[in-house]
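Residue numbering begins at 1 within each chain, and the chains themselves are lettered A, B, C, D, E and F in the order written.
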């Protein structure tokens, strides 16, 4: 054998390594880990919701997530792609969708919603990372517009193991059959109630005074979706996400500011017409949206400036739709609207490249001063 | 002229002349104008008839069949409307010259916007009929006030200010006698309020309306 | 009736004047695109594209009858400049497959007949009569014209050897 | 060009809605029910046929500079006539289609067809082409309308008798199994139905091409080794 | 406090560029430099630098001494190659290159006589009194290239300093790559030589000041250098925060001088010159001792290695020999890497020689590599945050995947320094750097193609001109001949006529 | 309500709440056709905005001063389309003459505008609603702004879509329609905002 190790000798060498460019190490989390952290952050609020609304809510949660997973696998099978259920994104989509539905909604709502979220909201665009709109919010809005009656039926809290709470067997009937809930069980959530009363010509303070007790309660014992009742737990989960570096502060802060600022102004100007900032921030999907929904990587801008604009836009739009629009809650619409604007924001909010000005032209070289001392 | 020089008349040569364009377009326009005028003349009468029929159909919905033999479209009384500075047109239905009803618009703010209704009242102040003309309520929720979707709107027929009593002129939820739809109370509430307003108005102007001359 | 017909006629006539005038005023001569594309072509008229020379190829590409990738000597770079000029989407993978080629003279069989020299569109072959010929690597476009002319099959085409300097990382997205 | 090819073109290969993606506005706006789609399609077909015939017959007379304006005048006249006729004799349909009858004028398909086909072809071919395109358009609108209607309001050819005349009453149907998802007759539903129809057409063509290729070559079909 | 701090830190901290990879420099960094004895065979690639390959000046069978020049520089940007030990030239030909492409490169093979005998060396006396050009010439002759990894011929950079005024000379001792510690050891053990090299370079470039940047994770090196620098008022040891890629010249320049080097220009354009500390030491050796660059310090590291440490290695040694000397590898390393884990090159096998620019050999285990299948981009933005240049790696990658290279360039592809921060953080394990390398290579290939097409056109034009000229000349010649013939004929006719008339029949 | 708020409300309602493209279904062909890049979309949007505003004004005058007095309502379609064609032609000439650079970027879209139903549709709607002159023009302008907004946003989405791994059956037009479907779904959030 020639002493020269040419490639002709390769036969004598161990198998060639697969071609790979640097870096040869990795430091970040994996996608699955990221999604798991988000689920962990959601868990306390979800469990609280389960306790508050009992078995029907748990059933709906399971059905929604099941539908998402099923839809995801079905689409990937159709496309001949390998399963990506392991990355947890479909599960998370189902989870967030379930948190935003009326807790006692019938199973077909969860089923249909899961399919809409994954098929129309995600897989049509090519799956994880390719979608343009937030899948869970697409599904929620599509359901709301299609089935406004079912989607606006809220139950009063009936904590698990309490006297009135339906048992597991009863819950299956509720989930499967979607009986029209008697008035005793349904109630309005804060935003819906104030909106309807306003439309009747009743001022906000009067409406709050006359409304059911379950409109607003710091401990979370109130009417609403799973993601809306345990507000403080949602907030805690959000702070955990911030601390663990999964999300950054720009979007949540901007969303909350976007809701709070106009709310402060409006409430100060006309308290009879506008809810206070606290009420805005702690009701509806404000916190869930700010920390978990608006922050969806795929559909939000990825520069700090872009994220601030994006978040503030969501906040303002949410407040506008809540205060003046046809729907009591605007978070889902606001998120989708700003999702649509994301490519435009991304286009105009690019980071400055080192050595270049913002417009992309190279910097002028600084004149060399060779005369001074060190 | 180009054609003068070449004995063989050439369309191609002609087409390039500057005067050809306006002449051609003018010619086409002339033909088009003529055709349209003819078509317009031919369809004018049927269109007018169709439009009149339309209005008749709407009026007929709120007026019981055969309750009028006059031309409702012409028999109009203008009265001041509750909103300051404007007037309300009231169509008077007569049978054999006797007033059998008054037909007019009422409106009220519903859930998502204004709801416009057409209602007919008989001389005794009883509702003859109510129909929705225009609304922007949420489809699936508030749109049940359309007769095409739900017969609810007919529940006003025969009612008057005294029947039910004033405190019962409300939806059931507010202690009245009228049903509301699941998940949508505002819309029916608004309609009830509008109809009641219409009856109030009629009561206030009863004499003028009944005494109106055709 | 009269008003209708006459007003419409007048409108039509006026527009006719306007348009006739405008089209005269802003008439565009010839097709500048072909000339621009032709300027991009290698200009060696080697005929590998199947057209009678570069001008023919340019006209065909501009007319949409030939793909922007039809010229092997131009390679990917040419295909891209043409695509950019014409605003086309092209599939470059087709070009990559062919790879650049070079003519190589097998010295033992070359009889020095000089036929190849005359065939070469870029004067890439050196050598006098009755001498062994050599190919200038920098000038050869790999068109193969010389191969056909050689009476002894002394000339063949070989792929240009890949060197470290020319090696390109494979695209991970296509891996 | 034979008639069969022209028909095939209009109905499938070169369908105004499904292949050319033209005339999108009526294809979305009036397809809240199959009846509306059918009515709109028929009105458009009438304009298409007549305009194609007229354009083809005067094609030698018109100079390039005023070609478009002349065609526009012709088409606008035809559309106005249709508008008047519908208003007079199919008043209910007229009220439903409303603005979109007038908009047949700018309906890109018509002008496009005049430009692309009628100017170059003799009258009979142009007439057949107009018919084919029109029928294709009508079919597309009806299908879209039908799907949206079934999914959205759980009816089939609702109001056919009122809009098209009492002969069409047999088409009307009401589905009792569900009430319909409102979304489908709203704008998003229209777009979504069209999207899925287009995808279905694409998938079908892809599949056909694949099987054609598979039967062409005897060797086994290479799997999607590395997509 | 810890938890609150965790929550509020992301709120208050301004986002810095770069990443903080696990250092993994110990225990290699704590073992003193060991010298590798000459191996039996050395392979000296002719192209160990940026620029044209060197030209061999030895024959097969020729005996050479250590430090003798075996290949000379060719052209302006090039560097000569010297024999790393004494022995006999046994081959000149292609060998497998230490490069992931598995392609070959030209190299001189030297069989060591195991005597390691130096050729006679002569240092430059009193170099600080000499002309700067002379120092640069010496550095060029010694075959010194940048040892920080870029392998740009050092003399060219020194000469460059002369043309464009240099104010600050920066010695790069940051060694920000994980695993590597050879610069650290160099500064700890041979601080004086480094400082001496710095002084020489300052003289060669005319810089007013020297700043030596060392990351704060190398306290011993900082202390050693501080001690060695005593007495040189204009040489300053500066501590920079440890963060990858602090060692990249643009980042280091900002950290040390606050100057941002404009895009598309060099550091020298703003009066700064950056050199690796190893380069400084090599320059000191070349000028003061006359020793050419034949060996360098290298870190051998990685979990698969038995004895991680720092070694002084002769250029041309096979990686295989090197690994064997360091106790061999445990099991099958998942990857052999030349350089650091962030920017190093994957080696096709251990049968490749080390070159001048090689700062380390890593034998990485599978767990260290953590290779996962790439997934789709989830637009998390981690890459954007990590990029020290402020690029949008995800956007560039998406465009490259769709073959829209021009769009990637518009996003700043050419500003990418290939540091690998983006791919290091990417949760989807997207090989971003490879995509950028691919795009840069493709663009360069296009550039070459375009030049070639232009050249072809010129040649085709020249040919058609030639053909035309020849045809014209031929035609002219033919015309001339024809004219001549005509004239001839006319003459003849005239003559015959004359003769006829003369000799007219009476 | 002051005049400014009224104008603002009118613009908002025409541009967002009753968006021409997503709610009224007008001008869909150019939205599908000229939305492959944001630059092109912006160009098309601006050109269309100008033409729509101009056409609104011209058609209003034509209708109020010629067609209405002489009871020529049946000539409306014909006259309007001619006026629009002429306006487009005129704009093209003016731009070509005054700003070749602008012509380079906008010129190719101008001919497309004649066949954009948004232009004719808005002119006809204007007349139907018997607005005054200013209101007509504002109505046209606001709607055109809505058109431009949707075109720009949609183009942005499509640029991103072009980079996505869309399944083969949905590649191109189908996924674009899904996108615009979702876009119109999001615009439903504006419903009831201004009534």
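As a working rule, a residue touches a chain if its C-beta (ideal position, glycine included) is under 8 Å from a C-beta of that chain, and two chains touch if they have at least 3 such contacts.
What you see is a predicted model; the values in this text were computed from it and never measured.
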item: Contacts common to chain E and chain F (chain labels); value: A, C
item: Least hop count linking chain A to chain E through chains in contact; value: 1
item: Of all other chains, the one whose Cα centre sits farthest from chain F; value: E
item: More contacts between chains, C-E or A-D; value: C-E
item: Farthest-lying chain, centroid of Cα atoms versus that of chain D; value: E
item: Between chain B and chain E, centroid-to-centroid distance (C-alpha), Å; value: 84
item: Centre distance in Å when chain B and chain C are each reduced to the mean of their C-alpha atoms; value: 69
item: Rounded Å distance, chain C centre to chain D centre (Cα mean); value: 42
item: CA centroid of chain B to CA centroid of chain F, Å; value: 30
item: Of all residues in chain B, the ones touching two or more other chains; value: 20-21, 24-25, 28-29, 32-33, 36-37, 39-40, 111-112, 139-140
item: Residues of chain E engaged with two or more neighbouring chains; value: 103, 376, 401-402, 431, 434, 437
item: Junction residues of chain A, two or more chains touched; value: 19, 21, 120, 124, 126-127, 130, 142, 145-148, 326
item: Parts of chain E lying in touch with chain C, wherever the complex brings them together; value: 47, 97, 99, 101, 103, 105, 374, 397, 400-403, 406, 430-431, 434-435, 437-438, 441-442, 444-450, 452-453, 455-457, 459-463, 466
item: Chain F-touching residues of chain E, taken from the complex the two chains share; value: 376, 398-399, 401-402
item: Contact footprint of chain A on chain E as seen in their complex; value: 3, 6-7, 10-11, 15, 19, 21-22, 41, 43, 90-91, 93-96, 100, 102-104, 107, 109, 111, 165-167, 178, 208-209, 234, 236, 250, 259-265, 269-271, 318, 332, 334-337, 339, 341-352, 362, 364, 368-372, 375-382, 384, 388-392, 394-395, 410-412, 415, 418, 420, 423-429, 431, 433-434, 437
item: Of chain A, residues touching chain B in the complex; value: 146-149, 152-153, 180, 196, 199-200, 326
item: Touch list for chain D against partner chain F, complex; value: 21-25, 28-29, 68-69, 72-73, 76-77, 79-80, 83-84, 99, 102-103, 105-108, 111-112, 183, 186-192, 194-196, 198-200, 202-203, 206
